[in-house]
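Chain nomenclature is as follows: A, B and C, assigned in order of appearance, with residue numbering initiated at 1 for each chain independently.
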């Protein structure tokens, strides 16, 4: 698009045709204030804060609705403009309760900031303010009308962006009020977007309100651990009797791959950390009962039994189960521990999507995986299977908003009437379980859908033609499509110029668990067991040469009394697969978990684990993006899985240096961490960390093993600087 | 049914058929009805637009934009259908003229709508009538049905090969819906919140199609212009202010009523001659010259021609033709309050300055009128109104601010007379609305 | 939910007038209210369903327009215009007269459900002020005596 030149406050500004004046100003760092304007939501022009002077126009104009035109000359600051903005704030404050001292938004409130900027301190009115009692609309959404400034952001984000449409405006004039359909009751998905987007304290969160002030919390930007999309969430944490408590989650700095978005889980789902049932001490089975114990006793016991079993029965009599929710470093370490310390390839995890088949399908096809950003910008998208609105909320958000803002074409093939069909240019319902057949059909096998019925095939044929005429298509598929069907789909996509794929995995680090080699037959990066040379070199340890047992095979082996030890890290196979707990009654079972799961209940030793909000490391989202996790919360008595694995190895008499290459990196004088020089040291630390040079002085430092992962696992070679920056 | 009046100075153009039974289609035809549209069917669209442009007809809805000019903004080619929308939401306090047109001459509105359609290449017109005017809506429904029955509307009108549909539409009580973009929202079944402009309705209007929006009186004038010619019409009024206008005289007058007078008719004469002057030997105090949103004028300011340009020069506006006359028994604070109550009630609430500004002004004026006013309030009222002016999303905010500013400036003494608990000198007994007041 | 035949045929016809269904909403609501007295939850649901709108959208529209109401009114809604032209010619007196006569305030309804009182904005009767609208009928050039006669007529109906 052609560029347009304008002058703002005497500065030349160039921006693409169609750019809004407010955005053009922002691009050169001139901030025009606004309440109602919100990027990517429909324009309102309602708050009148963004008034600026455009030459040749008699009245002040709203920068948020003015599209730039060649030669436009604009002034964004003058006495007249300041007065206009000041008077808007004065008028707003007229009916505003000014209850900042008890308002959750105090300190993070755009109205406060605007009042501060424009000095609307004098109260010109003495009339009683219009009052309306606060309403609770849902367990998490509270609404305080007097604080509301009617910017309509909540209404728009709920409707346009979330496609929920639970909020509207009732009445008119000064009686206007944001309202759900039933005046006191929201019918919605509880995503909390309305709360987040509210510039003032009118919408507050039931989970957070009146708990603390924003400045009393530490804000830690980390990755949400609830699904595979990998949204950034900023956790507000506060010291508590039992460690660090997470008080709230939001996306206040909007710098993650999720931009403005966060779903109900990312926003509220961390109260499990302080659940009464949380285990905070190692438990050892004594006299048939799990009894609180010490770390020393537990490590010694595990070390001794694991070593005994390995030495007397052989590594193949030990089974290991990893997790979809632990960090990459932990998964990597776990399989390394299994293979070189326990001397077994009996390692598996709860498999979701068929990542190995997908990896095989796209090897040698660079640039064939799509990111969340690609989903937002692609001209066309194909979705087969899955229900992203529930399983991948960020992905659904990207899809919806791409359709809304860029008029992208969405094609949906699904056995359910999923919500995203509302955005679809074309929705083809198919019988359940035929997703794989559809993949074959797309790849050219017309007979694959013979059983699906005429209606389906009549709908699929024109769809396939249409898809073939697309370019830069993003093909998104759920775990319904596996194995050869994935290769068919990849084959189909390869004939569409610029097409890319996303394979959807269920849990926060399903993708990472697969990449890290939690498979009995695959090493990290999907190298087969026979492809072992490079790992030998790196580890200096022997890896057993034969593939190990899958999880179901381990169970069979345990029943046959061949499997003598079972080490479960962050998984609950007994509960999830409904296994017979007695299968393991003859073996030695060690479980690391937050809670006493059904698997933990049959264990001989249970170690209290920290969750992903309570440790550092990296996660790989479903698109394959590597992201940094930062420690936010803490519950006294728990430890990260990483540390526990290292401790067990140590207790087995293994040289932990061979397991975790710590103590490499540059050693630096960290200087003072407090006082006047503190910032100096911090800056050094940040720089060193960004360049991968931070001192890894502890064997419990996951960053120490990240170097190894980056060397060995294809696709993980992102720069530390990018990882640090989160993009 | 509203009473009709007459005065020798009247020049009857739009009101020509008032009282003649022209709601009856045959009668309308006898009175030159549907001749203009047949003429228009033989003309090039540009020729119609030029004729209207040259007639000097300016919008009768209030803003006074040259009608032909407005039509010429409609793009010739358009992927989306074009529409003509007749604004019959008449709600500006002091204005009651469209009502008479709908009551006595509904076919003239239909005819004007069709001609506007021919001029801009549209095939569909809507006539929006405010909800309170139910009986007029019924008259219009019948008129439209009659016109369809004769083939004046629908497919192939007058055998010309041109199709044109006209539909009626009723409102449900909202002044703001008279604002053209809010009118379109309302017609589309939404809340009457105005739209962001540009794009203007002539380019992107109803359902995204180019739309001509005109006041009912504007459209009812069109057939007369086509038949009488642009020059004839233009010469009825001063330069650039063609034709006549229905002036709605109300308030303290001996002979209130709706009179059709040439544009540029002297306001003073209108009050004393046409309206018969002020009853009971009382004196004139102020005049609202063009509906409640226009700045008030004092007796020494009223020797002006009533046309758009002269009124602008005189510091007020011609507005919608509602001339409200106030005699010396009127409390100006109370009058300002009543105006503000109206705008506060009718503000759509979309933008801050109008929503909050009208509410605070209303509250302050209530307190002021009830005797709780402080000296600084007078300046605050001015300050607030001036900060609304020109900064609202649509002109309703201006409409609230302008009369208020003029009242405070021109009648400041009356505000001072109300200070410090003094009872309003104009009230017989103290029966004024009381609001609790914080000290 | 049943409406009269006239309502149904007008509704069906109106739908053909516009390119979108939603466009019939405002007049339809008013006609529905004329028949059922007020826009109850049931009416809202029905109309929302017919026009493929959410109930919330319909409520948002209803609450915007001053003639539309979700609360039942009296059989005769006495709407006294007190806007400027009427004000100058004694509208306040008329309104107070009604308040006393009915024993209700603005938007109140008499105990027998016969009359509701409402103070309204300009109804387009400025030149014939003061004016009152009872339901849809205009009564103009009123005095308190004339208004009494008018109201008596309604009472007798």
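Please note the rule applied: a contact is a pair of C-beta atoms (placed from the backbone, for glycine too) under 8 Å apart; a residue touches a chain by one contact, two chains touch by 3 or more.
Quick caveat: nothing in here was measured; it's all calculated off a predicted structure.
S.K.: Report which interface contains more C-beta contacts, comparing A-C against A-B.
M.R.: A-B
S.K.: Which chain has its C-alpha centre closest to the mean of all protein C-alpha atoms shown?
M.R.: A
S.K.: Measuring centre to centre with CA averages, how many angstrom lie between chain B and chain C?
M.R.: 23
S.K.: Nearest whole angstrom, what separates the Cα centre of chain A from the Cα centre of chain C?
M.R.: 53
S.K.: Starting from the mean Cα coordinates of chain A and chain B, work out the distance between those two points in Å.
M.R.: So the centre of chain A lies 57 Å away from the centre of chain B.
S.K.: Could you list which residues of chain B touch at least two other chains?
M.R.: Residues 174, 191-192, 345-346, 348.
S.K.: Spell out, as numbers or ranges, the residues of chain A touching 2 or more other chains.
M.R.: 169, 171-172, in rising order.
S.K.: Of all the residues in chain C, which ones touch at least 2 other chains?
M.R.: Answer for chain C, listing residues that touch two or more other chains: 60, 64.
S.K.: In the complex of these two chains, what residues of chain C are touching chain A?
M.R.: Result: residues 54-57, 59-60, 63-64 of chain C touch chain A.
S.K.: Using the touch definition up top, name the residues of chain A that touch chain C in the complex.
M.R.: For this pair, the touching residues of chain A are 165-172, 179-181.
S.K.: Touching residues of chain B toward chain A in the complex: what are they?
M.R.: Those in contact with chain A are residues 174, 176, 191-192, 196, 344-353, 355-360, 363-364, 367, 380, 383-384, 387, 390-393, 435-439.
S.K.: Under the definition above, what is the set of chain C residues touching chain B in their complex?
M.R.: The touching residues are 17-20, 22-27, 29-30, 51, 60-61, 64-68, 82-85, 87-89, 96, 121-129, 133, 136-138, 140-141.
S.K.: Please output the residues of chain A touching chain B within their complex, sorted ascending.
M.R.: Result: residues 43-48, 51, 58-60, 65, 83-84, 87-88, 90-92, 94-95, 124-128, 130, 149-150, 169, 171-176 of chain A touch chain B.
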